Structures are given as C-alpha cells and as structure tokens.
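These notes open a run of structures that come right after.
Both complexes shown next keep chain A, but they swap its partner, so chain B is in the first and chain C is in the second.
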Partner chain A sequence: MIKSKAKLLQLTVTLTACAFLFIPTVMSVMAGVTANYFKGISSGVTLKWVFQVWELYADSIFLSLWLALACLVVTFIIGLPAAYGLARHPGWFSRVLEEFISLPLAVPGLALALALLQLYGTMKGFRTSWTFILVGHVLYTLPFMVRSILAVLAAMDLKTLEEAAASLGASPPRRFLNIVVPNAMPGILAGALTVVTLSIGEFNLTWMLHTPYLKTLPVGLADSYASMRLEIASAYTLIFFIMIVPLLMAMQWASSRAQRIAN
Partner chain B sequence: MTLHLTNTAKTFSDGTRALLPIELTVKTGEIMSLLGPSGCGKTTLLRIIAGLETPDTGSQIFFDDDDVTLQQVEDRKVGMVFQSYALFPNMSVRGNIGYGLKMQKLAPDKANARINEVLEMCQLEKLALRSIKALSGGQRQRVALARAIAPRPRILLLDEPLSALDASLREVLRDELAVLLRKFNITAIFVTHDQAEAMAIADRVAVMDHGTIVQSGTPEELYRNPQSMFVAKFVGSAMLLDGSCKGKKLTLAGGVQDLPKNTTDELVFVRAEDVHISKKGSLTGTVQTTTFLGTHYRIGISGIASGVLTSILAGQTAPNIGDTVKVSINPEALLILPNGAHKE
Partner chain C sequence: MTNRTFIVLCLVPLFIFSIAFLALPLIRLFLASGEGAAGWSVYLDILRKPRYLNTLILTVLVSLATTFAALGISTTAGMFLARNQFKGRGVLLSILTLPLAFPGVVIGFLIILLGGRQGLINQITPGHVVFAYSILGLFLGYLYFSIPRVLLTVMAAAEKLDPSLEEAARTLGASPYRVVKDVILPGLMPSLIAAGAIAFATAMGAFGTAFTLATNIDVLPMVIYTEFTLSANIAMAAALSISLGLVTWVLLLVARSLSGTTVAAGG
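Let's turn to the complex of A and B:
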C-alpha cells in the first residue's frame, strides 16, 4: 500500500515536471500553425506563418547552417591535433592547457563578445563579416570538441598502439591517419554534433557580435519576438525546433556511444 | 639474422641507469630469453633493439652487418609482440595481420596469400573476420604474434607475451608458443620474469639483474652451473646452506654436511629436489609445512640452515607438521659459489 502510494507520488511528480516543460512548447508550436491566435486553434490550421517566416528569415537560417558548418570544420582542424597532443603528452602542463582552452565556457558569452569587440571592433572589414561571428562560435565550441576527442583518446593506450604500428613499418603520418583518427572517431562524432548544435543555438555571443545584415537563427528569433506578430514568432520557434531536435537526438546517441568506448 | 649488440647502455632523462653497457649476440634462428626480476631493464633492452628507445651514445646495434643504431623503428623490420598486445581496435583480425604488409606495399594477391598462411599457422582461420574486441586472451596473443610475423621481420621481439593471461592458460600457451616460434624459424628474443617460462621456450637464456647480463647460456647450463648466488637463486630457486666450512665439512645448525671439495670462503647452495628425507640422513630438522602437489609433496624443514629448507618428497605419505626428520644431501649435488661475487 505504502509502496504503491510512493510510486504514485513519484509518477505524479514526473508527469507534472514533464507537463511543465512540454506544455509551453506545444502551445508555442500550436500558435505557429493557428490561423488566428486570439480566436484559438478553432480558427483553423495554416502554414501561412511558416512560409512568412521563411520569406523574412531564410537568410538567417542559411547563415546559421553555414556558420555551424564552418565552425565544425575549424574546431575539427584545431581540435583533433590539440586533443591528440594533450593525450600523447599527459602531465601538469597538458592539464593547464586543457583548462585554458575551456576558459570560454566559464566566461559569460557577453563578456567574451565584448572582449572580441574591443580587440577587433576597429577592423571594419572583419567586424562586419560573418567570420567575426565564426571566431566567437569557435572560441565557445572548441572546448567541447577537444574534450570529447580527448576522452576517447585518453581511454586507450595510444602510445603503445602507435609503437605497434611503427614496428610494422608505419611512418608518423600513417600512424596518425590509420590508428589515431579511426579510433578517435566516436569522440570526433560526438564533438561534431555538440559543436553544430551549440553553434546553431548560440545567442549571447552572437547577439553582441551580429550586424543588421548578419542575423543567425536565434538572433532572428529574438528579433521576431520583439517586432512581429505572435503567430510569426511561434512559427519561427517551430522551424527552430525542427532543425535542432534531430541534431540533439543524434548528439545524445553519439555521446553515449563515445562514453561507452571511453569506459 | 644474427643480432649483435656492443657497449649498449641506456640512461633515462631522469638519470635512471636502466641498462649498463652490455654485449649480446643472438645467433640466426636462435630463441633467446631475457630473464630477470622486475625493473632489471629487460623491456628497456628489448625496446632498444626494436628502435623504440634511443640508446646512449657509444652503443652499437647490428642486424647481421647492417648497423641499425640510428635507424628509426619503422625502417628496422622488426616484429614486436607487446605485453598488452596493442592490437588495433579499429581493425578486424585480418586487418591487424595485414597492416604490416600494407605498409610494405605488398601486392594485394600476395598479401592475401601471406595473411592466409599466417592465419593457418596460428590457427586463426575461423576468426579472421572477427573484431579484436571479440577475442579471448589466448586468441589475442596469437593475433599479436601473427601480426608481428606476417611482414617477415628480421627479428621477433616479445615482451612478456604470456603475462596478460590466466595462470592456467599460461602453461598451455607457453608450450604452444615454443612450438610456434620454432615453426617460424626466426631469430627471436623473449622477455620474461618467470624462469619456468624462459626454460620452456628459449634455446639460450640471458639472466639480467640491475641493468646487466649476469650470465647467459642454455637452460641446462644455467641450472647446473650457476656462476653467482643471484643466478642460483633466480634459476631453480637454490637455497643457502649457511654454516661454517672447514676442509670438506660444513657445520650447520642441524648437523654436519659433507662437501665435495675443500671449501673455506665460498657459499654452499642446494636445490629442493636434492634435499632428501631419509632415516640415514646426517642432518636433523623439524617439519614446518607440507604441501600436497599431486605428484609430490613439498616439505618445508626448519632447523637445518637459518632459512626454511624445502624438500621434494615423491612418496605416498608425508611426515606431520612438527615431526623431527633426518635429511641427507648428496655432496655432488651441492652448488658451491664464490662469496660476494654478486651483492643483492
């Protein structure tokens, strides 16, 4: 009796929490496809708002995707050798370096953006180009890439594996390509998904760095909330969800896979 | 291939002198074992031969007439079996074995034929497509061996290849490995800290201690004619008979033992199989422990020398603990070794 009561309580709490999180989301999504928000869903279902958002903000959506991709490429190019170096030379110096790379996580995005503006704000061409936002995103997402690869690399005896490859006649670049990269793959994948997801959703930094001609998805979202009809803002949220939810799910899957290898 | 090392030493950057200058020759087709306690420099020596560690200046390593001292590991054409096997987790059994051949840029049909040949030799045909994560310890060991041997290396180097296995499996695989190594017909160096393993596998054993080779020879030579206390103790666990020598007599706590020759300063050792419990024995001791080992008993006897003397008893029954027993030792079986020739 007591036991089932406790179970019941547990279930109620869980469901309430879920409802608390889900209902606003569902409401918002519903609003995005409702013909007239004030009359409610009975006024009919329409995709009008979604198309309107597309017309108004397609550029933002493409910019976000492009930024996420560029950010992924850059963090991969910097992150893989960095993680490899840290994994191959463990010691206090590597620890310090790892913390140093992770510093942007602890500094609020706004402060980081301010620092970037102070440093590069006067370089007009750079300030107004999308690469300026990219720099901010790379700073913010790099630690995730490095740590995710490092976790996988640190879990195996990389030094001995490379020595084994060397004894079989593999030169240093071959060892890196044939042994290090394939074995780091789960970490790379998990890191890549994290980077893309974070880059698409990043607001703090981007809001500070953006110009009127360079709005990313979340910045556009804030913009539409501030200046548009509620239906359009809601339709915007819907589009955002459609893009981010599959990424989040893939990220969950990839990082649990990487975790399994790291343990 | 004949391996020849002269004046080879290794001092690590932190000042550890892991290897003092040594000379070593391993003849073509010979299986040499490096035997010694933990930390004596066996792995260091093996890694120097492989090219994974740079020796001190003045060291010279020859593969036949080829001076490889300055050659990189990837150019040395050595086969190495690591203690942890270090199989590539991203490749199948076949992929692992074929990796060295790929590095040699061997034509695919030739490489395939070679892989098949090695798979068959190591009895791995059925496992060829398995992931290496799905193998038992013994199978991993065979894959590591197959991978090392497939590119036809000039020398095969094995670092404690059996130590990662269960004790029960180790003995079976030890004999299997001995057969396999001879089938390969290759010069090989085999590192171990287990004297039984060295004896079972090697043609010749080099006993190492504190960074030097203290004695090398066939297993029989080392067992019968150890040249120092260290070798006598390490190979076949000889026990010290500490007493006072006078002429051909050794006076012990448990009686007087005859010696084969006049002895004054030297130390006298005996092995367990030469300590016989018999009524006619001239030494007297007390039974401390008895251990039944199936084919025989191991009896620990105190009161004869300062340590416990172990005796191997083949009979059906063993004396009880606390019994007083008479012990005889054939003087010819005693090992008489110089005192202080080797300090521990």
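Let's turn to the complex of A and C:
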C-alpha cells in the first residue's frame, strides 16, 4: 500500500491526528466506568459514577432535552414559512434578511448573550425563565433550519409546481401545505436534526443566559469539570457522548441526503 | 388572499424574531459600549491599554498558530483519505469527524485528560509534565476543534479536483513535491483560505474551550467574560464583544464568498 516516502508521511500525519482526537475520547469513556481512575481500569469496571451523575444532574439532562424540543418547534414554525418566503421572493430584501439572521453563525455566542442580557436582563420574569435560554438557542440554530430548507426549495421548480396547483384552484396556504411542505421534507429533516444536535451541545450562549436553577447539560458539564472528581466528570461526558454521537451521525446522513436532492 | 400577501406573511415571524432578539439587542450592546466612563474612546482603549492590547495580540497569535497547524494537518490527512482507498479508511474518517459535535467545554476536558495533572502524558513520561492549563493546552484545544472542520472542507474540495491533472504532472516527470506545490495546492487554494478563515474566526471567539483551560491566560473571550462578570466593566465588555464580532463576521463573509460552505462557529 505504501509506495513512497511521501505516502508514508501522509499516513503518519493522518494516524497522529486520529490518535490526538480519539485517545482522549476513549480515556474519557474509560474513566467514566473505572472504579478508581488513579489505580486504572484494573480497579474494576463500574456504573456507580453514571448513577451518581444521574442523581446529581438528571434535571439538567431533562432541561436540555426539553429545550432542544422547544427549540425545534420554534425554529420549525418560524423557519419553514420563512424559507418558503425567501425562496419565492428573491431580491435584495431576502438576501439582506438571510445574511442578517446568519449573523449568529459568525458572531461569538458570548457577544450575542451579552447583547441579549443588555436589552432584556432587567425584565426579571423573562430573565429567570427557561424561555430566555430558549431565545438564545433559537437565535443560534434558526439559520441552520432556514438554510437547510431553502437549499432544497431553491433546487426545485417551485414556481411551475405552484402554478399548476393554482390553475386547479388551490389557495396559497393550501399550496404551501400540500406542495411545498412535502417537497421540503429532506431539508426539514436535515435542519431538524441539526437544530437538536446544536441545541443539546450549546454552551457559549447558555453559560451567560442560565440561572442557578436552570442548568443545561453542557452547563452541568462545565460545573462537573470544575468541581467534581474526574470519574464523575467523565461519566457525565460519557452520557453526553451517548446522546450526541447518534444525533451527529443521523444529522450527517440527513444533510448529505438533502444535499444530493438539492443538486 | 393573493400570492404576494401570503409570501410576505410567511416572512413576518422571522422578521419580528430577528428584530426583537438580534437587531435590537446588538444595537443596545453597541450603545452600551459608549456608556462607560471613557465614552466612545473605549474602542481606542482596547489598543492603548496594555492589558487589552496584550490580550488581543495573544489571541491573534494563538488563533494564527491554530489556523496554520489545522490547515497543515487536515490538508495532509484530507488529501490522503480522498486519494487512497484502503481498509479502515471509513473508520479513520469517522474518528476525524466525530468531534464535530463536541462543544468547546468538552474539548477542554479532553485536553485536561491528555495534559492535566492526572493526564495521560504526565503518567507515561518521567517527571512532571502538565500543559493543559498553559498556552500549549489552549492551542491543542483549538486545534482539536478545528481539525474536523478544516478536514471536511478540504475533502469536499479534493473531490472536485481532477486527479488526471496530477497524473499528467507525474507523467511529465514532476516530483511528488512539485505535484503538491504546483497542482494540488493551487486547486485547493480557495477552500484552504475559506477553511483557514473559519478556523481563525472560531479560535478568536472560542469561549467554551477557554473557559475550561484558560483560567490563567488572558485570551479575548475570557477577558470579555471577566470584564462583564467580575469587574462589571460593561462598556469594555461590550466594546470588546462588538470588535470581536465584527472581525469574525467579516472573516466568515470572506470564507463564504470563496467556498460557499457554512460551518457552525462557537466552541
């Protein structure tokens, strides 16, 4: 397989990069199920730490799941019609609007969180409720939902399809529900999986927006890294991996499928 | 209801949401940056006061180092994986893209497992080798974050590159080094610039990784955070955020115009 020195060098770099990314991940998983990390895996395999994490942080795990679901619903309700509007009304206004809502992809979450805190921080009822964190998550994930659907809609001949339906007497809302939504499905699926994956892992905005009573999974992770023993921090990370890795895989599958359809 | 009214109605929720939770807060943040004791010269203070200037220089240097390291590693690995079919290729590719879903805090923890007091390197080497909380640890954390993102961009570009060009160069007697320098790199260049801009912008604004690792290092996101929470210097925190946001936004705009890809920032 290895024909030359150049190939050997490439292989070495690739394997080193893999080792760099994979070894700490494996260590984290192992530490989460090791009875005593200082003594090593020979001290026994246990689920004790996982259960302890569950006792300590189950609330934050459920809050994250709830937020991800709520975020999905909101981004869907706002994003689906918006993507349709942007696809059917191309022009400077749509371009500016699309560019503008994509700002949260570029501007660091910390800055966005400060902006939200500056404007709404004094509204006590809103500031301390879970909906404040939800706003941050929607802000961050909405561009993914809109762009994912828009890419699929832009690739098909929406206008002709709609004209055909209109000539048969379908009203605009009916055309939207019966023609646009079914055709946009691959984009909606890819967008939805992206939104959920990103929402569950979101830390930068959430750390600034959360209150002591509302800790999400990643906020709890940061908390455990700072104050818990290594085994508990690792077990908590393990739970996070178990949640996020299948989501990532589903997201990559759905995105490449949507992309194939869009092209 | 006419067609046009319906389309406009479809855009209304997005418009309202982005005005209420994006435009107005950002305007408020900008105004807040001028409301401190220093007034609008707070933006000059970033360059005048050593604490902020040093922070800026350090952040740019670490981000540059991350960018070039990630480009070097990911281009090499990406080209290798794109041009060779072998057993285990899929596994290597999965390992290299798996961290896409890891938030910055988790990556910080993984670096602690490598280079912390109880870390792997400290266990297997003689003496006391702890680097997780140093600038090296931070650099490795950013690198961890960037490798998968750059790799995907490079591999997407490599697939569009015509392998027959490389073969032609080789038949004409070009050395592997010349093939890389004169054929592959020029073909990949727009994607490499785009991926580099993304890596740089992400490293500049990475909060999660810095939050776990940079307890004693002044990088921009950590300084913004401490100015806001500990010093209650809201004007400076706002001014630094606005400046940082402008820089990352412009960089990603350049990246997108060159490659057309969108990769989530954050971390």
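Here, the second predicted complex is superposed on the first by the 255 of 263 C-alpha atoms of A that agree within 3 Å, B and C clash if a C-alpha of one lies under 4 Å from a C-alpha of the other, contacts with A are read in each partner's own complex, and residues count from 1 in each chain.
Following the convention adopted for this analysis, a residue touches a chain if its C-beta (ideal position, glycine included) is under 8 Å from a C-beta of that chain, and two chains touch if they have at least 3 such contacts.
Given the structure is predicted, the values throughout are model-derived calculations rather than measurements.
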Fit or clash between chain C and chain B when superposed on chain A: fit
Chain B versus chain C as contact partner of A:44, first or second or both or neither: neither
Partner chain in contact with A:171 - chain B first, chain C second, else both or neither: both
Touching partner for A:160 - first (chain B), second (chain C), both, neither: first
Chain B versus chain C as contact partner of A:207, first or second or both or neither: second
Touching partner for A:20 - first (chain B), second (chain C), both, neither: second
Which superposed partner A:90 touches (first chain B, second chain C, both, neither): neither
Touched partner set for A:183, first chain B, second chain C, both or neither: first
Comparison of chain B and chain C by chain A residues contacted: C
Angle at chain A between chain B and chain C, C-alpha centres, nearest 10 degrees: 100
Closest Cα approach, chain C to chain B, once both complexes are overlaid on chain A (Å): 9
Residues of chain A at both interfaces, chain B in one complex, chain C in the other: 166, 171
Chain C-touching residues of chain A, taken from the complex the two chains share: 1, 4, 6-7, 9-11, 13-18, 20-25, 27-28, 31, 37-38, 77-79, 81-82, 84-86, 88-89, 94, 97, 100-112, 114-116, 118-120, 135, 138-140, 142-144, 146-147, 166, 171-173, 176, 197-198, 201-204, 207, 218, 221-222, 225-226, 230, 233-234, 237, 240, 244-245, 247-248, 252
Chain A-touching residues of chain B, taken from the complex the two chains share: 50, 52, 72-80, 82, 84, 86-90, 99-100, 103-104, 147-148, 151
Touching residues (chain side chain A, partner chain B) in the complex: 156-157, 160-161, 163-171, 174, 178-179, 182-183, 185
Touch list for chain C against partner chain A, complex: 1-3, 5-11, 13-15, 17-18, 21-26, 28-29, 32, 73-74, 76-77, 79-81, 84, 86, 92, 95-106, 108-114, 118, 120, 140, 143-144, 147-148, 176-177, 201, 204-208, 211-212, 221, 224-225, 228, 234, 237-238, 241-242, 244-245, 248-249, 251-253, 262, 264-267
